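These notes open a run of structures that come right after.
Next come two complexes, and both contain chain A; in the first it sits with chain B, in the second with chain C.
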Partner chain A sequence: MTNRISQLRRERGLSQAELADAVDVTRQTIISLESGRYNASLLLAHRIAKFFGTTIEDVFLFEEERT
Partner chain B sequence: MKKKTVFAALGLVLALGLCLAAFFLDGQISDSTGGALFGLGGALLGICGTTLIKGHIEGRMTPEELRELERGERDERNAAIRDRAALKSWYWTLYLLWGLFFLTLILDHGFYFALVSVAVTLHCVFYLVNLRRVAREM
Partner chain C sequence: MLIKMMSGGADYDKNLRLRLVWGAAFLAVGVVGFLCWFFLVPDSGLNEHARGYYLGAATGVTLGAVILLARVLYLMCRPEARRKAHIQDTDERRQHITRAAAQVAGVAAFLAAACLTFVVIPFNEQAAHVLLGVMAVYTLVWLAAAAWLNWKL
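Entry: the complex of A and B
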């Protein structure tokens, strides 16, 4: 799963700390999310999408895993 | 003063009392009782001491730093890290116990073999009990 958090954040001129503050997580979590090392829970994904005023599908890009 | 700090301070006094009792009653009480007193005192000293130090550090923090600390504790990534670390630790402890199990079996230490067997069993039973509890919660 990839995401557009970094892009959306930059478009709004926000720092990682400001976004972390807005969605009530640590800055390290935002860093991990942006680098793709951590996948957000549905609750956090919802909070992030709501903060950016968009949908979860618009922020998080789901890809079918190939087996 | 916070209730937690009062309990921690009382615990610290109790811990020191236990350690001093074990020290001064050496020779008058059995070695195992002395060891138990020292062990209990030491454990209590660690828990209460940590609580007091943590309380002291938190007391000197600014509201902003305190908020950041609280956020870090409920942060979902940190929670996931704690859960994964706990699970890995469970497996490491299990491997260690299995190692000791075979060692005591090979060396034919009957008492320690029984002790390790009980520890392995309890370790796995606790896991199964918690699996069931968590499954019910979800």
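Entry: the complex of A and C
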């Protein structure tokens, strides 16, 4: 799973600390999310998508499982 | 970590008040330890090591309780500090790290106890029984917790 958090954040001119503050997590969590080292829970994904005014699918990109 | 686990919940102000209660309870345990050390230990005939345990444990528990109480009271009086502490305490990545670390520590402790049992048996059978007891308690608690969570979730 990848995400567009970094892109959406930069488009809005926000720092990682400001985004972290807005969605009630630490800056380290935003750093880990942006680098793909940590996957957000459904609740946090919802908060982030809501903050950016978009949908979870638009922020978090789920790769189709290959059979 | 345990205090945070036992006082977790959606209402952070309520959590802080609960931590005050836990802090007071630990302070009481520390005071009881000091009272035992002062009144009971001198005439008990315990060796120096056991006496030191009483004093060390009582001091540790009391200091821990005082630090916990001071921190909670500070957070209750400072809204900005409370908000930062709330974020730190409820941050899901940190909680994930804490859980994963506890899992690793639990497995490592269990394996260490299993290895130590083999080493200890020739020297001290009672110590081996204690280690086996710890492993049995760990296994039973794990099974009970797994069954409860399986029913609850």
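Simple rule for what comes next: the second predicted complex is superposed on the first by the 64 of 67 C-alpha atoms of A that agree within 3 Å, B and C clash if a C-alpha of one lies under 4 Å from a C-alpha of the other, contacts with A are read in each partner's own complex, and residues count from 1 in each chain.
In the analysis below, a residue touches a chain if its C-beta (ideal position, glycine included) is under 8 Å from a C-beta of that chain, and two chains touch if they have at least 3 such contacts.
Remember, it's a predicted structure, so these values are computed and weren't measured experimentally.
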Which of chain B and chain C A:55 touches, first, second, both or neither: neither
Partner chain(s) touched by A:7 [first = chain B, second = chain C, both, neither]: neither
Partner chain in contact with A:32 - chain B first, chain C second, else both or neither: both
Which superposed partner A:15 touches (first chain B, second chain C, both, neither): neither
Doubly contacted chain A residues - partners chain C and chain B: 24-26, 28-29, 32, 38, 40-41, 43-44
Contact set on chain C toward chain A in their complex: 86-88, 90-94, 96
Residue ranges of chain A touching chain B (in the complex, touch as defined): 24-26, 28-29, 32, 38, 40-41, 43-44
Touch list for chain A against partner chain C, complex: 20-21, 24-26, 28-29, 32, 38, 40-41, 43-44
Partner chain A, residues of chain B touching it in the complex: 68, 71-72, 75-78, 80
